[in-house]
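Each chain carries a letter (A, B, C, D, E and F) given by its place in the written order, and its residues are counted from 1.
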Amino acid sequence: MRPNDRKQEQVRPIKITRNYTAYAEGSVLVEFGDTKVLCNASVEENVPRWLKGKGKGWVTAEYGMLPRATHSRTRREAASGKQGGRTMEIQRLIARSLRAVVDLEAMGEMMVTVDCDVIQADGGTRTASISGASVAMADAFDYLVKEGKLKSNPMKGHVAAVSVGIVDNEARCDLEYVEDSAADTDMNVVMTEDGRMIEIQGTAEGEPFSHEELMDLLALAKQGIADIVKAQKAALAD
Amino acid sequence: MRPNDRKQEQVRPIKITRNYTAYAEGSVLVEFGDTKVLCNASVEENVPRWLKGKGKGWVTAEYGMLPRATHSRTRREAASGKQGGRTMEIQRLIARSLRAVVDLEAMGEMMVTVDCDVIQADGGTRTASISGASVAMADAFDYLVKEGKLKSNPMKGHVAAVSVGIVDNEARCDLEYVEDSAADTDMNVVMTEDGRMIEIQGTAEGEPFSHEELMDLLALAKQGIADIVKAQKAALAD
Amino acid sequence: MRPNDRKQEQVRPIKITRNYTAYAEGSVLVEFGDTKVLCNASVEENVPRWLKGKGKGWVTAEYGMLPRATHSRTRREAASGKQGGRTMEIQRLIARSLRAVVDLEAMGEMMVTVDCDVIQADGGTRTASISGASVAMADAFDYLVKEGKLKSNPMKGHVAAVSVGIVDNEARCDLEYVEDSAADTDMNVVMTEDGRMIEIQGTAEGEPFSHEELMDLLALAKQGIADIVKAQKAALAD
Amino acid sequence: MRPNDRKQEQVRPIKITRNYTAYAEGSVLVEFGDTKVLCNASVEENVPRWLKGKGKGWVTAEYGMLPRATHSRTRREAASGKQGGRTMEIQRLIARSLRAVVDLEAMGEMMVTVDCDVIQADGGTRTASISGASVAMADAFDYLVKEGKLKSNPMKGHVAAVSVGIVDNEARCDLEYVEDSAADTDMNVVMTEDGRMIEIQGTAEGEPFSHEELMDLLALAKQGIADIVKAQKAALAD
Amino acid sequence: MRPNDRKQEQVRPIKITRNYTAYAEGSVLVEFGDTKVLCNASVEENVPRWLKGKGKGWVTAEYGMLPRATHSRTRREAASGKQGGRTMEIQRLIARSLRAVVDLEAMGEMMVTVDCDVIQADGGTRTASISGASVAMADAFDYLVKEGKLKSNPMKGHVAAVSVGIVDNEARCDLEYVEDSAADTDMNVVMTEDGRMIEIQGTAEGEPFSHEELMDLLALAKQGIADIVKAQKAALAD
Amino acid sequence: MRPNDRKQEQVRPIKITRNYTAYAEGSVLVEFGDTKVLCNASVEENVPRWLKGKGKGWVTAEYGMLPRATHSRTRREAASGKQGGRTMEIQRLIARSLRAVVDLEAMGEMMVTVDCDVIQADGGTRTASISGASVAMADAFDYLVKEGKLKSNPMKGHVAAVSVGIVDNEARCDLEYVEDSAADTDMNVVMTEDGRMIEIQGTAEGEPFSHEELMDLLALAKQGIADIVKAQKAALAD
């Protein structure tokens, strides 16, 4: 049995709280069970130097984890003087995922930076980050529309992500920490709301995985992402 | 008039939420009005190398600010590769303040690290950090007592802090951001619950201040800290 | 048509030169067309600190690119003072891929570090690195067997990798640089010699990709990797 | 008794040597007993980027300690690759203190940087630095007046600093190292020549301090600073 | 006897391979016996900021060593976060040597950067680097002439370098690693093709050396460099 | 004519002040004309890790320059976060020079670190550093002898250094800044007191130099170093 009696295909309870902090143009606390990530989208009215004068915008992301988001305290990256490889990998993934659903040309020369800071980590922080960041970014673009700085929201749809994996020979959706650390295969899938893929990253932690197992995981991911997109839409409808 | 019609000597509404996150031995969200700081106390059963074998413990602190805790986005210190001077100054102040109320001998060779991460900043983040960290540390010590690792809580009492300043020629207690940035003199005071001083740090931002002004500020600080200690005790009594 | 008249499923000419340098326990120059990577496997008779005393070994990897491996000069990472996010991502991928085919318990407390340094880059440097590193690591283990330090080679089989992608609406295997930079979807696949998957990392650079496209890419990858494994075996048979 | 039979309120012998080095626009070696700090003021005819075009100037400071200024050798900060928290705190304090006595508008777009490098440390290096830097800065401004680049010296008066503390239950002025390390309370006070306060920073190293003790310390500081200002004026009168 | 029966004055077999990689404007693999260095010259059509607008060019160099160029693995400088003192010393030497034979005025506002990356190290990597870099730079300038960006090659002649030393009381030319590590005195000499000196750097590793020994070493260096210049000319004549 | 009417072979006035600071086991202010370097030798009763247990000692050196030792202010290396290539080159040279005159076996497992900090720079800071450091090191060893920690001073003799160069077609000894920046050839020579060479480093800044010019420079260096050794001996005789 899974923890909390979850079914194989069942995502954890999802909670998306908008306007969580006061200053960011989009501010979302996203919770996937006990995983809690604060996603703050900030707007700047200029672009990175290499993009200046090209008439298009940019979306980027940064990722961090509070030192005690984890079971035992993790060293603060600001204190150690650099961001680790895992952090860089994750923030590059979040940024690519967000850009995949934005019409950068339609943004004009503006930049959105989404900071995803993990308050509490129980597995799936990168997928929760992407899913929450999509909502925060939507709010930031709506702010720009309301302010008259954009004619319309340049997002082509939502983007959401989920982790899937093989634990105890069973394919499961939205792994929490105890599952994740016991998984033979761990895969993160990022999709658009219409079910097309933006990223898949699958890793055999133990035994290599077969084509059939991959098919099972993809099916679970598709279902899970549909549930997350539902939660995103509900949050934005409030 | 002060913002929100506060009186000269009135601190902002204080809210202290214990057990805010799941893993830290002490986890407190402290709110001084719109300033919100997450204070997580972590216990380690060893001490820094330079203290090994001396039979006494250590308390330290780290301070950080989420990039969008502020009105406009601040660069992430982990990304810039070092902690700034302001961060270092604040975390050294928090750590000294906490150690001043702990009997380090009675701790044995254990270490408590309190991470103060600012979720939202509206002035007074260092004083809110100290005041919240005291409660988080108290919970961490109580945890050690419950686990049988300490005979009794080695804290000698509470420590709390408040900022006071001279704004528009008026001495005021617990400045919020708009007041802080307009203040001629800004002072942070850290006291024990019995009203003795642990730290005072006063700075003339504009005109130098006189002995009389200092006396006024100290009186306000004493009153404000008494109110904060009351809130700390109420939170721990829950 | 593809550059050099390659067919959709055709990998570039593969050349694997063993003993390329004199000192490394395994030293391989791998060429996938114009992409040239020097893979040097170094043996150390101890393990990282966190693994000491556990009776098992470790395999790790580092990746670098000579400044003028690329069309225009890239800044030297040693001079800029840190490894970029892309470098870290790649070297973590290489290391995971190699570990997936090694029985770490059977290694005893030894460590193999494979340095993959790109001499010339024409797309697919990470997949060439993995494919060459597998051969260099095999030589390093054989060296340890010959020296009497291991009873038998602890590799469970070869590991190889290839990039596949969708270019001009066509799925293609082993993209070279001009294809890679024009691809809508780019995917790196790492497999064992028996065709099971160790890693898949697919990214939509332009339009999101469908399930069918993913299936096409996986089929190409499987075929390409079989060809690479053939070249690895031939090289080791010399 | 205090070391060297000093009385409670007595500062150490103060020696201020102007034109100590040849190139700086203001160059002062300040000695408070065995504490020796070289204060070099450098003029630049531009301002930091964030101040450009605002028609006002800036004063900043840097602080360093030669590795063997201390009883046992301290690691060189340039070799360790960063300035420690203590260094940053001190140089920020020096800079704020200096700016408090300068009319930045009257400076025009110029910058003065005062480097305070401790040659020998016997307690009170930050207060000696401030006191010496004030004289070096005065010389630098006089240089600018002589060169015709400023109409008049934009300093509003002298700034001086002293440390006071409670040692063996006695309030004392201008602590030297053996006193400082035995002090229960340690306070640095920065004042203008007319006795108004620019900074006070008091820390309870042992027991918290009472209001009465604070009053005693402030009285000592006022007296000590008056003596230092006398020495500054005498030095500039030479 | 020397290793490989070399005579006292004999340099190792020299091999200079031009166009070793595909993209650099000049690309040379230089081999002095088992020492192999890849020298890639890159052209940029601008100059460092401090040289802008002065109508002259610049030549610079960077030096690196692959981690397993050496008998045991050396830590990667990009991973340790900085270039060591030895690396900096060598790349400054290479750059100065190259600039000594270039008419920087005649270059116009262009920059040539030569990357010298050691593939395999058996002593004399800095002298091989200089000798190979001279050929790579010559090719880069010829490229600029062919492209019509320079009227003529601004090199005033070749520059070459050799190490000489005293081993077992015998002066020897072009030391290989086993000789170098046993040498009492080690000297690197950089000369123009007409035998004038650009740099000499001699170090007593053991006993100080006499004037007579220095004379012997200089005579050997002159002869060795003549041989290297012959090889450079032969390579460029192909 | 040379500045200050110096003759071609004449070194600047040399002043060596021992016991310049209070805590270092050897503390020397060395002045070569307007170049002033503080050389502090510190003793530690252990050796670097790689030397532990071998029964021999180590001598090392660090070099720094105060920001305003130069005509215009130089950026503080501690603030920029790393030591530059020039600094590293110089401190490696100083350390090698000092080790050349010490019997490391006779030191036992002790370490001497000499910090050379330039207070004022007018050319020749590295040669002044070496010459002053030799005296500071001698004092540190004498201290160890007096403390009964060494039987006798392990120095084999003095080491001294001077810069020589070709300025206006004239060979000159002990260049000051205006000469150094106009020199065609610049050479630093380090010798033992008996006139044998430890290091020579000659660089053609403009035209390459001939064998004859080198001979002239070496003769001047020998004479200059004899004068410096005389000053060292006189200082130690006081």
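The rule is simple: a residue touches a chain if its C-beta (ideal position, glycine included) is under 8 Å from a C-beta of that chain, and two chains touch if they have at least 3 such contacts.
Just so we're clear, the structure is a prediction, and the values are computed from it rather than from any experiment.
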{"item": "Chains touching both chain A and chain D", "value": "B"}
{"item": "Chains touching both chain D and chain F", "value": "none"}
{"item": "Farthest chain (mean CA position) relative to chain D", "value": "C"}
{"item": "Interface numbering overlap (same over half, different under half) for chain A and chain B", "value": "same"}
{"item": "Rigid-body rotation angle, chain E and chain A, from Cα fit (steps of 5°)", "value": "120"}
{"item": "Remotest chain, chain A as reference, centres from CA atoms", "value": "F"}
{"item": "Approximate Å spacing (C-alpha centroids) for the pair chain B, chain D", "value": "28"}
{"item": "Chain B and chain E, separation of their C-alpha mean positions in angstrom", "value": "59"}
{"item": "Junction residues of chain C, two or more chains touched", "value": "81-82"}
{"item": "Running round the ring (origin chain A, first step to chain B), the chains in order", "value": "A, B, D, F, E, C"}
{"item": "Residues on chain E engaged by chain F in the complex (per definition of touch)", "value": "82, 84-86, 88-89, 91-92, 96, 100, 187, 191-192, 196-204, 207-211, 214, 218"}
{"item": "Residues of chain A that touch chain B when the two form their complex", "value": "21-24, 27, 34, 36, 38, 40, 42, 44, 62, 64, 66-73, 76-79, 81-83, 87, 113, 115, 117, 119-120, 122"}
